[in-house]
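Below, each structure is written out as structure tokens.
The following pair of complexes shares a single chain, chain A, combined with chain B in the former and chain C in the latter.
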Partner chain A sequence: MSDDQNVVIKKIFCEVLGVDESDVDDSTSYNSFRPWDSLKHLQLVSMLEDEFDIEFEMDDIIAMENFGLVKKIVAKYTQ
Partner chain B sequence: MTNFVDYLFENSRLSNRPFLLESDVVITHAQLYNTVNEIASALFERYGSGNHILLISENNYFFIASYLAIIKSGNTAVLIETKIGEKDLAQVVHSCPLVAYFAQEKLLDLFNGPSVDVYTENDLNSLSKRKFEFCESVHPEDVAVIIFTSGSTGTKKGVMLTHKNLIANTESILGYLHLTESDRVCVVLPFFYCYGASLLHTHIRAGGSVVLNNKIFLGSVIKDINQYECTGFSGVPSTFQILINKTHFLSEEFPSLRYFTQAGGQLPNKYIQLIVDAFPQKEFFVMYGATEATARLSYLPPHLVKEKMGSIGKGIPGVTLEVLDRNGLPIKPGEIGEITAMGDNIMKGYYNDPEGTAVAVRGGRYYTGDLATVDEDGYIYVVGRSKNIIKSGGYRISPNEIEDLILSLEEVSGCVVVGVPDDVMGEAVIAVVQSGGAERENVSAKIMSLCNTTLPSYKVPMGIEFIDEYPLNSSNKVDRNRLKAVIMDRRSQK
Partner chain C sequence: MRMTIGTDIVSIHRFNEFAHDINHPALKKIFTKDELDYCFSKDAAEPHLAARFAGKEAMIKALYARNIQDVWYTDIEILNKPNGVPVVELKKDMYNNLKLEISLAHCEDKAIAFVVILGEN
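Here is the complex of A and B:
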């Protein structure tokens, strides 16, 4: 996965959740990071799909449980 | 008088059947009942009864055990939403004297050093060490729960529900859903919301079971319903709209599933139609209610869902539901009036707000603020909220009719109509539309052409705006006030 792509993903992630980029690292997880709720996740998925012109499988949407996984899963579709 | 919790476990307290199923643990009715008693006796010993204890948590074992134990101990469980903002939380804590908090650990940072005892998931074990049957008698009018809910004015209102209210509504709901011990519901609605709480209550009382789904994506319920062989699934409009628009929900078979329930606002007819067409063998219950009525007020029998499309049905057993005109008389078919309700499920009042209570409950009758009409057979159709009426050019316009019309277009997946201030008309009717990938100019043209040919001119939208996601409130309903603000902001920049 390219660094450029990861920069874009992080920007989108932080924009959707309304948080600072410094608050987010690969281990930032859905279960413990309060701003990340299921509605935000839905928005995040839509924005990533639009940005990279991809469409996620449902299992992948469910598997994005931390920020590191979000990047990995997007990379799977853009490679 | 029976404590609500004892009523719930009356038939199942010795049962070894599962109540809560999670991937790594199964809790039986008997286990839950014993734990609840143990925690309740610890709470009684520490705080006595008649006090307020705050509970904030997502749906999990911690919520269920703490909630029931607080009520069982003769104290009042004060419920707030997990997404509560600092200002609202401060308002609740300030207005309501609390002796202790039960808070999910991940939500602890909401509180800056509370001055009372705080219990998290880690404290349940030490609280439930005592082993004896605990019995604290209550009065039927004692308040078991206060649910803080978003008021239309912006401040939180604390709806006080008594043991009597909770027992009456649970009994009524069981009277038409006919749940048994073999029923198992997949829960996505939060328990701090009255509809979610009603799922918890009815399934304990029936001896059935619950599967909690707090997963990152709603689509995961498809797997859960099949894996845990759930018989029921309950949602608000957005639940079903997300499942239909974002997953392959409609092409699933769900062999174990017997019924769906839908409440918490009007699901547009086209989605109801899609669901009943996709699942002709399953029952689809359209229901209507309010926190002020404990949860439920009406339901439409599933066999009538096509014939009475869009209706919320009639009052549930034990509830007198009437649509009254300004003079307090029942309306005639086709007229519009306000939905009112009487029954043992109507709240005791709003906490610390006698004026607000006196407006909402008059002469034992609860005025919902929802406007409706009835058909010749007495079935009720909501046409709008009294506060959700657009006044344009001297006309009162209910957004629902326009929304339903626009939603009938294939290219439109969501439509909310709002009134924004307008120099000439008072308020201008604006349709805020979700349209997926369709070309916006074409969609706009189609909407205008449809409205112009179908609606009287004063109802035709003066503008069409596109939006990706609607702002939602804590009950996952579209927050019309925030949406209005977004649209006004957008239009002022043009």
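Here is the complex of A and C:
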């Protein structure tokens, strides 16, 4: 996965969740990061699909349990 | 016969940014075409979108309680009978044996849903 791609993913992530980039690292987790709820997760998924012209499988959407995994899963589709 | 239940509540304002674009990509991840047509036929789509989203979340919780985890939001369709009573349908043939009941409500700022599933497993 490229650094440029990760920069874009983080920008989208922070825009959707309404948080500062300094608040997010690879361990930022769906279960413990209050702004990241199910509706925001679906918004995030749709914006990532739109940005990278991809369509995630349901299992991958569910597997995006932390920010590091979001980056890895996007990379799987864009490689 | 085993019963599982699910409930969810959501702030209606969370849907403000979607309520003027029926083609918003996030909406298409969550709702079926018929659901969107219904919600956007109303003067304000937000409470109807929020209630259906709460209904789908409640449904997913009730399904999880039965260890059913392969259902996506668009596999669940919540429409209304002519008399206004909501009806939920699970668009997966393998779960046709389940009996589903749903209730939706909303006030000025919140929407809430309650789901009951009855079935042998």
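Definition applied: the second predicted complex is superposed on the first by the 79 of 79 C-alpha atoms of A that agree within 3 Å, B and C clash if a C-alpha of one lies under 4 Å from a C-alpha of the other, contacts with A are read in each partner's own complex, and residues count from 1 in each chain.
Throughout what follows, a contact is a pair of C-beta atoms (placed from the backbone, for glycine too) under 8 Å apart; a residue touches a chain by one contact, two chains touch by 3 or more.
All values derive from a computational prediction rather than experimental measurement.
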| item | value |
| --- | --- |
| When chain B and chain C are modelled together on chain A, clash or fit | clash |
| Contacts of A:E65 with chain B and chain C, given as first, second, both or neither | first |
| Comparing the two partners chain B and chain C, which touches a greater set of residues in chain A | B |
| Touched partner set for A:S32, first chain B, second chain C, both or neither | first |
| Which superposed partner A:V19 touches (first chain B, second chain C, both, neither) | neither |
| Partner chain(s) touched by A:V8 [first = chain B, second = chain C, both, neither] | neither |
| Chain B versus chain C as contact partner of A:Q43, first or second or both or neither | both |
| Partner chain(s) touched by A:A75 [first = chain B, second = chain C, both, neither] | neither |
| Clashing chain B stretch [against chain C; choices 2-10, 308-316 or 344-352] | 308-316 |
| Intersection of chain A interface sets (partners chain B, chain C) | 38-39, 42-43, 45-46, 58 |
| Chain A partner contacts - residues on chain C that touch it in the complex | 10, 14, 24-26, 28-30, 53, 57, 70, 72-73 |
| Contact set on chain B toward chain A in their complex | 83, 106-107, 109, 215-220, 222, 242, 246-248, 468-469, 472, 476 |
| For the chain A and chain B complex, residues of the former touching the latter | 30-32, 34, 37-39, 41-43, 45-46, 58, 61-62, 64-65 |
| Of all residues in chain A, those that touch chain C in their complex | 38-39, 42-43, 45-47, 49-50, 58 |
